[in-house]
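Labels run A, B, C and D following the written order; every chain starts at residue 1.
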Amino acid sequence: MIRTIVWNEFVHEQENDLVRSIYPEGIHATIAEALAKDRGIVASTAVMPEEEHGLTAERLAETDVLIWWGHKAHGRVDDAVVERVVQRVWEGMGLIVLHSGHFSKPFKRLMGTPCSLRWREAGERERMWAINRSHPILAGLPGRIELPNEEMYGEPFLVPEPMETVLISWFEGGEVFRSGLTWQRGAGRIFYFRPGHETYPTYHDGTVQQILRNAVHWAKNPAPAWSDISDAPNVPVEQAPEKIEVKGGSLHRPGEEGYR
Amino acid sequence: MIRTIVWNEFVHEQENDLVRSIYPEGIHATIAEALAKDRGIVASTAVMPEEEHGLTAERLAETDVLIWWGHKAHGRVDDAVVERVVQRVWEGMGLIVLHSGHFSKPFKRLMGTPCSLRWREAGERERMWAINRSHPILAGLPGRIELPNEEMYGEPFLVPEPMETVLISWFEGGEVFRSGLTWQRGAGRIFYFRPGHETYPTYHDGTVQQILRNAVHWAKNPAPAWSDISDAPNVPVEQAPEKIEVKGGSLHRPGEEGYR
Amino acid sequence: MIRTIVWNEFVHEQENDLVRSIYPEGIHATIAEALAKDRGIVASTAVMPEEEHGLTAERLAETDVLIWWGHKAHGRVDDAVVERVVQRVWEGMGLIVLHSGHFSKPFKRLMGTPCSLRWREAGERERMWAINRSHPILAGLPGRIELPNEEMYGEPFLVPEPMETVLISWFEGGEVFRSGLTWQRGAGRIFYFRPGHETYPTYHDGTVQQILRNAVHWAKNPAPAWSDISDAPNVPVEQAPEKIEVKGGSLHRPGEEGYR
Amino acid sequence: MIRTIVWNEFVHEQENDLVRSIYPEGIHATIAEALAKDRGIVASTAVMPEEEHGLTAERLAETDVLIWWGHKAHGRVDDAVVERVVQRVWEGMGLIVLHSGHFSKPFKRLMGTPCSLRWREAGERERMWAINRSHPILAGLPGRIELPNEEMYGEPFLVPEPMETVLISWFEGGEVFRSGLTWQRGAGRIFYFRPGHETYPTYHDGTVQQILRNAVHWAKNPAPAWSDISDAPNVPVEQAPEKIEVKGGSLHRPGEEGYR
């Protein structure tokens, strides 16, 4: 069983009638329901208003894959929670970042780049093309996926070169965008998936739902959490794999911690 | 002419007799002198005690490549200066991070990973092997470079997969380390170079000096600064490359800024 | 069940007493036995003397992962069989290339580089360091793996930048080598694993055997074979996703095949 | 001075009136003229009908960057010449592959993948988007480049993940394509550039010409040719960087060559 949390800032659904009409229980609820159709996935949700945004250390420690949707409230996400999420990704938790989550704090933190792009809200047609149609994230899906109405995101998308370019989008208005990208960071796998503007029913689409389920399977790292991944341990001379003797001067006293 | 700043926290040289004896004017001075042997490089220096650490917006705007040495005082580097450096790298400024700079704030910020490693201060022999001996950073140098005494850094080194693995080190005590790695982030090129522990005269070594000069040439991006790289501009419907009409609902009013 | 073939040229074991004493049934038999300890793997073998080297189209079509060991007889492998193997990798068959297989025809063909390296047969100590200890290929294994006697392979290893550097080796004689590397080619995953010189009992080592089993799991692509991956189909104007009209001159008549 | 050869199979211009009307002297002549506008570039040409296709070992040895245009006659290119070109790329010669050259023998050989794609000859509009507008290949150019009439190439394009995705194309008929991609192979840099169908005047376009000039500068490796890059030299025990003694059995007699 893959343990997931679908996280949503849960703001638009409460402030905007159109969004609420599409996602009456919240985007997170619709996505979680889609994930739960897969008997190998345990889908839970968390939203910003919960204490610690619903992402306590205990809960994250028991999470295999985190799905992130945010837009209007990126700035209100607590930095301590962000660091906790980032650390868990390094330890091996998978992370799926959706649509406007390109500007979310955890994603920007993990990319180390601006994560900027161009955009237009015109409900235009988007057509995603598979670069590798045999990629696990596209299992069972055609090499060409159309969404009748979506927000346009246009290149340049300021992220590091990905491990794999999985999908590239064509937009009716003339732009292109790398809509499905993967990265490895520490022991964690990251998938960015472009579609999902809140004013269109994208997460009700069966193909989009299948991509999310596939991505959850892909993002799970079955290895035990690499919990000391951020440590920089000293290897004392007497524990060196090969026998050596100290030469030259030293800065640190034996057993002293390194600087950070 | 390539305009460079050699930045140094400049702490050990004032607190530690051994380090001062090796670098009486500071590590930055030795490196700047080495760079200045190249008539195509303008070498200047900056140290932490200066106002804004010597890295004002004006000065960074006129800098092509920044070289960073820090160790004991990473935590004392001002976050506003770090963000400024990071933004300039995205815009196209080259960055060369040296040795213990693996834990510096700008490097960790740009990598989005722990940047951790293992270490041992035993003055052991380090032998660096060129993976691509025709790489510009190794111009004029042999494929095998030895340093008689260095601190050991051991894998795993927690950084993203690089654009290129340029050098890998063998250590007398039995470890290995990817000692020369490159990344592209936005318009900026980044080179991490491992050697340079402050208790050994590494930056007085002619081969090391040549690598630094080569890296400065490699890291310079001659393109004009990409100063709006972090912007996410709206492309209004009437400016779409292809003529389209708005369909479906919208969240933003015409001309409204996106959320961040 | 993952269907595998362990392929061996099977020459040294018949010509050299030392090799035969270590692998009396052939290297392939030892490896297949090791794989078969995993109940999820079906291990079969094939050797060069068989018709079509034991790699008929029918058999490859039913193979998920091919393991390749060759050394002395690279030049005697039939080019038609090589193309068949390569095509199957593109379609999704995993390929694990062992040790001296770095110079095998299928590997060179898939890499597009010289695949050269330096070597020394001195039975020296090899120590492999995990770069990502949470990688599926290292499941259940320590981050440091020692082999008491191995042939040395030294960098530069002339292969394309890998998708992931999984292991780097330290050698007693002073060299380093990227001992575990992955690539994606078409729908197929490739893993190169360095150890396995025929004069040492490397494939009898439990840790090496575990790496091979792990690699089989990692290399399997569950997607159906991408059998038309090498085709370059014309998309007629009337089947374009968007309605367009022909403009300008054409070279091909409607329905004509492209040139190759 | 960068020494270039613009190579063309030179078939369509002699067999097809339309192509001849656009490129009366051949595509190679138009491109060479465009390169020669840059005073740092020495532009020469070679065509298939010449002896050894105009690509003798002597001439290639004095070439920094080779530009390749072919389409109808890929199959008639001599394999010995192909191997010679490939070896020179490994040694450090830059290679720029144009349009239908995706199926040329040297490109397929260097990629190790099918290099297949989808296509449509309808003279539709192509719009190329810069992913990194500060890349040297795009120096002085806008982030959006339009060609009024081009052949469509559609993804999936079966090549290895590139070092950098420089350009992605949008097509009027609804497809997308990675139109500018870079790879490093050995000491050589490779750039694939999509536009240039022979029935449209693409190489007369000023922006396209600037991209070609820029790419020539980018592709040149100033290092001396790495002429022994395909060798796999033995490192005798007595020349090991660290003093070692032979342990265990050996296959090779001292001084014997390795197998290939």
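Definition applied: a residue touches a chain if its C-beta (ideal position, glycine included) is under 8 Å from a C-beta of that chain, and two chains touch if they have at least 3 such contacts.
If you're wondering where the values come from, they're calculated on a predicted model, not measured in any experiment.
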Farthest-lying chain, centroid of Cα atoms versus that of chain A: D
Where chain B and chain D are represented by their mean Cα positions, the distance between them in whole Å: 31
Rounded Å distance between chain C and chain D, as computed from the means of their C-alpha atoms: 27
Chain B and chain C: spacing of chain centres that average the CA atoms, whole Å: 36
Residues within chain A bordering two or more other chains: 127, 132-133, 154, 161, 163-164, 170, 174-175, 184, 186, 241
Overall pattern in which the protein chains touch one another (line/ring/star/complete/other): complete
Partner chain A, residues of chain B touching it in the complex: 12, 16, 18-19, 71-75, 86, 90, 100, 103, 109-114, 116-124, 149, 152, 154, 158, 160-161, 163, 172-175, 183-186, 197-200, 229-237, 240-242, 244-252, 258-260
Residue ranges of chain C touching chain A (in the complex, touch as defined): 92, 127, 132-136, 139, 144, 146, 163-164, 170, 184, 186-187, 221-223, 226, 241
Complex contacts: residues of chain A adjacent to chain D: 127, 129-133, 143, 154-157, 161, 163-165, 168-171, 174-176, 178
